[in-house]
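Please go over the structures that come below.
In what follows, chain A forms one complex with chain B and a second complex with chain C.
Coming up: the complex of A and B.
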């Protein structure tokens, strides 16, 4: 069951009616039941992995909390007796115990994710290395499907345990309440990667029916559906055709497909987020925003603060900071240069970001490409600033902003070639064709539009796609400039949006791109 | 060490890390007020303050810090 399906409409309507009719103290129980029903419909065989992750992190969370409490109790009881050094020593003893619990938790959770997602990739690479050494042995691939949302809920549960370890939140003692935090249906399949601190109170408190909240949530859902079925799925037809057999297409078609893919993936993923956040708002729970107009970013680092925000924040707090604060990394910094730990941290984060998206080298290249750009921006920030001063560039000029935005979009779009292509070989072919075999003649342009429908309706199809895309980005431009025209006429907007969805929506293509991650 | 002295020393660290001699920090100064104070510079800043005052921030402090006043509070506690 995905968000854009008739089954989901029935599911959500039944859940909402029941949610506001039952006694409020049982609302969270209904959400838990609903979340498991939602997951079971989508991925029944993989409930077992969700159970494992929930139970393991629940137990670890409770154990970590007990150790923190025991430490505080000892320190309080013996406050008059202990010297400063002894207090430090006592804290260290408990810290070591907590670290052991956390490591067990990480090994199990990341281990399950690692085996399910990366086993075949790892074995393929071992086989390639053996072949390189002259040993011909093929490890058999194990054919299994990846459990729905495993990359997302693993990060949610692991993040929770690290937060309890760092004493940034209290552990949840009720396993059912904790299970709701992990499985909450709007977030389970594609995020956002929520934090326990932000979600816990909202998930378990009582919620009254609020028509403003329902209206806002419903409107947000409609925006999401529009982005998904009118823009993303329409452009997706073109992208899938061209990227499905890139060798059959010329440079111009490949360029179109690459630009369309940037719009498709944004409307697909942010459309999903709009639906998820809207549905969550309807039940009174405010989730973290995951997008903030990423294609208006003026630099790559800014782009990553606006795109998949919760994933970036997760990597920052749970991977980047621990790596560059580690003693070994600091030692390297002292030995060589202060910037070295930051570069190591960034490389680790971007390599992991690439691998998080999928077990394939083209995802690794995509991650490292962005990592390299972020590192270059970091290392040469002062050089760029000096250049701007010497060239008398007004940083606040609108034209300069537009140039920076376009430059960032082009850099991001190049990375999408590696992200979307089936493998590295096809990706390099596409780059080569776009750079060296671009032939923007009138005839080529006509042919380049054909992949939309493969007949003479392609131009009309293209027109609708472009108008819908323009609609999405005009709204974003207005919002970026803090102009609130559309919010004043919400009912009219709902009618227009519904009409457009029904007229131009591409129904039947219900899966979202990020579901596979 | 008085709070004023702590602030003066923190201010020197800020100017050094952000390479900006015009920075004048206050209790309520946050990342929004200083150009370039992002997650990369945040960790560099924390390292520099640790070195300056010979203290060590835990991860909870690094992530949750809201403003310069809170940095000064922790330094006052630690030294």
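Coming up: the complex of A and C.
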């Protein structure tokens, strides 16, 4: 069951009706039941992994909380007796115990994710290394499907445990309430990667029917469906055809496919988020925003602050800072330069970001490519500023902003070649064709549009795809410039949006790109 | 809440109105380069080539114009099967169009197909009654779903409708009297041998009846009918399913006393990869050779 299916409409309608009819104190129970039903429809065999992750992190959370409480209690009770040194030692003893609990939690959760997602990749690379050393041994590949949303809920649960460990939030003592936080259906398959602090109160409090909230949520859902079925899935036909057999296409088609993919993945992922956030708003829960017009970013670091915001924030809080604050990293910083720990932290984060997306080298390259760009912009920030001063570039000029946005888009789009291609070999072929064999002639242009439908209606299909894309980005430009013309005419928008979805929706393909991660 | 419901109902009403307008009146929009409407607009066609994309790629309309007297027209839709061809022919003749001769596609690949909309352009060009007749057959299929119905009546050709002022002139430029003006390059033997032959076995009842229907329509309107097979590349022509269906189709035509030319009757070297872009469709070179041979046969009539 995905968000763009009849089944989901029926599921959501029945859930909403029941949600506002039952006694409010049981609303969270219904959400829990609904979330498990939603997950069971999509991925019934993998409920076991969701249970494991929920139970393990719940137990760890409770244990961590108990250790924190015990530590505070001991310190309070023995405050008159203990010296400063003894207090410190006592804290250290409890800290070590907590660390042990956290490590067990991380090992189990990341371990399950690692085995399911990276086992074959790891074994393939070991086989390659053995071959390189002259030993011919092939490890058998295990063909298993990845549980739906495992990368997302693992990060959610691990984040929760670290927060409890850091005493940034209180552990949830009710396992069912905690299970709802982990499995809340709008977030389970593709995020956003919510934090317990921000969700806990909302999830368990009572919600009355509010028609303004319902309207706003419904409108957000419509926007998401439009992005998904009218824009993303339409462009997806072209992209899938070209990237499915890149050797059959010329440079121009490959360039088109690469640009279209940038729009497709954005509309697919942000469309999902719009639906998730909209549905969540309907039940009275406000989730984190995951996108903030990323293609209007003027630099790569800014792009990553606007794209998949919750993943970036997760990596920053739970990986980047722990790495740069680690003793070994601090030592390196003291020995060499202050910037070195930051660079190490960034490299670790981007390598992990690449791997998080998938167990393949082209994802690693994608991650490292972005990491390199972020590091370069960090290292050469002062050089760039000096250059701008010397060249008398007005940083506030609109034209310069547009140039920066286009430059960022091009840099991001290059990374999509590695992200979307089936493997490194195909990615390098595509780059080569786009750079060296781009032939933008009239004839090439004619054939370049063909992958849309592979017949003469391709031009019409292309026209609608462009109009729909322009529609999405015009709305974003207006929003970016704080022009609220669309918000004023909400009902008219609903009519337009629904009409366009019904007439131009590509309802055949319902899965979302990020579901595979 | 009331306003929201009104907005939703309004959207459904707008969609319904657009869909009805499209399905009932799309055929009225000008179209003189290709499709059923272009044939009807001619009023009188001497030779009508009726078939699928293999015919479109295999017939050089400019050569027909030079070599044959009167008007020739190539009426093709992708994957056009006998059942769809019979509907197309019926609509054209019922509109009062005079046709002297129909050269129909002898296409063994299509006779095993269920009723199907293989080219959505057909819905754009035909009247509602024809569309409904085709849908009736499609809906009898076991795998017919609501989505197929929705796709058929609601979604089809919306892109073309919205971009019509731009798309129509661009698409028309590539056609002349229904024939494609493309002059595609041929393939190499290796390229063609790499391609897979996908041929379903068997003769579908509906298609069998449709062939009889085509013969009967032509008899009713006094139109001369010939079936011609456009030669497939050797790899496909020798496929066992293809050969058996070809044999069955020939037997059916023979039994009804309808004239037909199989690929084997023509002097066409179907081992020459340069004549093909794939296993079915011809290159510019193949198209000219095949057309010249058909012209010769027509002249002999």
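The definition used in the following text is that the second predicted complex is superposed on the first by the 517 of 517 C-alpha atoms of A that agree within 3 Å, B and C clash if a C-alpha of one lies under 4 Å from a C-alpha of the other, contacts with A are read in each partner's own complex, and residues count from 1 in each chain.
Just so it is clear, contacts are C-beta pairs under 8 Å (C-beta built on N, C-alpha and C of every residue); 3 or more make two chains touch, one makes a residue touch a chain.
All values reported here derive from a predicted model rather than from experimental measurement.
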Does the superposition put A:403 against chain B (first), chain C (second), both, or neither? neither
Scan A:503 for contacts with chain B and chain C and give back first, second, both or neither. second
Taking the superposition on A as described, I'd like to know which of chain B and chain C A:144 touches: first, second, both or neither. neither
For A:342 in the superposed arrangement: first (chain B), second (chain C), both or neither? first
Which superposed partner A:328 touches (first chain B, second chain C, both, neither): neither
Report the partner of chain A that touches more of its residues: chain B or chain C. C
Taking the superposition on A as described, I'd like to know which of chain B and chain C A:167 touches: first, second, both or neither. first
Of the two partner chains, chain B (first) and chain C (second), which one does A:384 touch, if any: first, second, both, or neither? neither
On the A-aligned overlay, A:320 touches which partner chain: chain B = first, chain C = second, or both, or neither? first
Once the complexes are superposed, what residues of chain A are shared between the chain B interface and the chain C interface? none
Residues of chain A defined as touching chain B within the complex: 166-168, 301, 305, 316-317, 320-322, 324-325, 330, 338, 342, 346, 378, 381-382
Once bound in the complex, which stretches of chain A touch chain C? 211, 214-215, 218, 455-457, 459-461, 463-464, 467, 491-492, 494-495, 498-499, 502-505, 507-508
Mind listing the chain B positions that touch chain A in their complex? 19, 36, 38-40, 43-44, 47, 58-60, 62-64
Within the complex, chain A is touched by chain C residues 1, 3-4, 6-8, 10-12, 14-15, 18-19, 78, 119-121, 147, 150-151, 154-155, 157-160, 162-164, 166-167, 170-171, 174
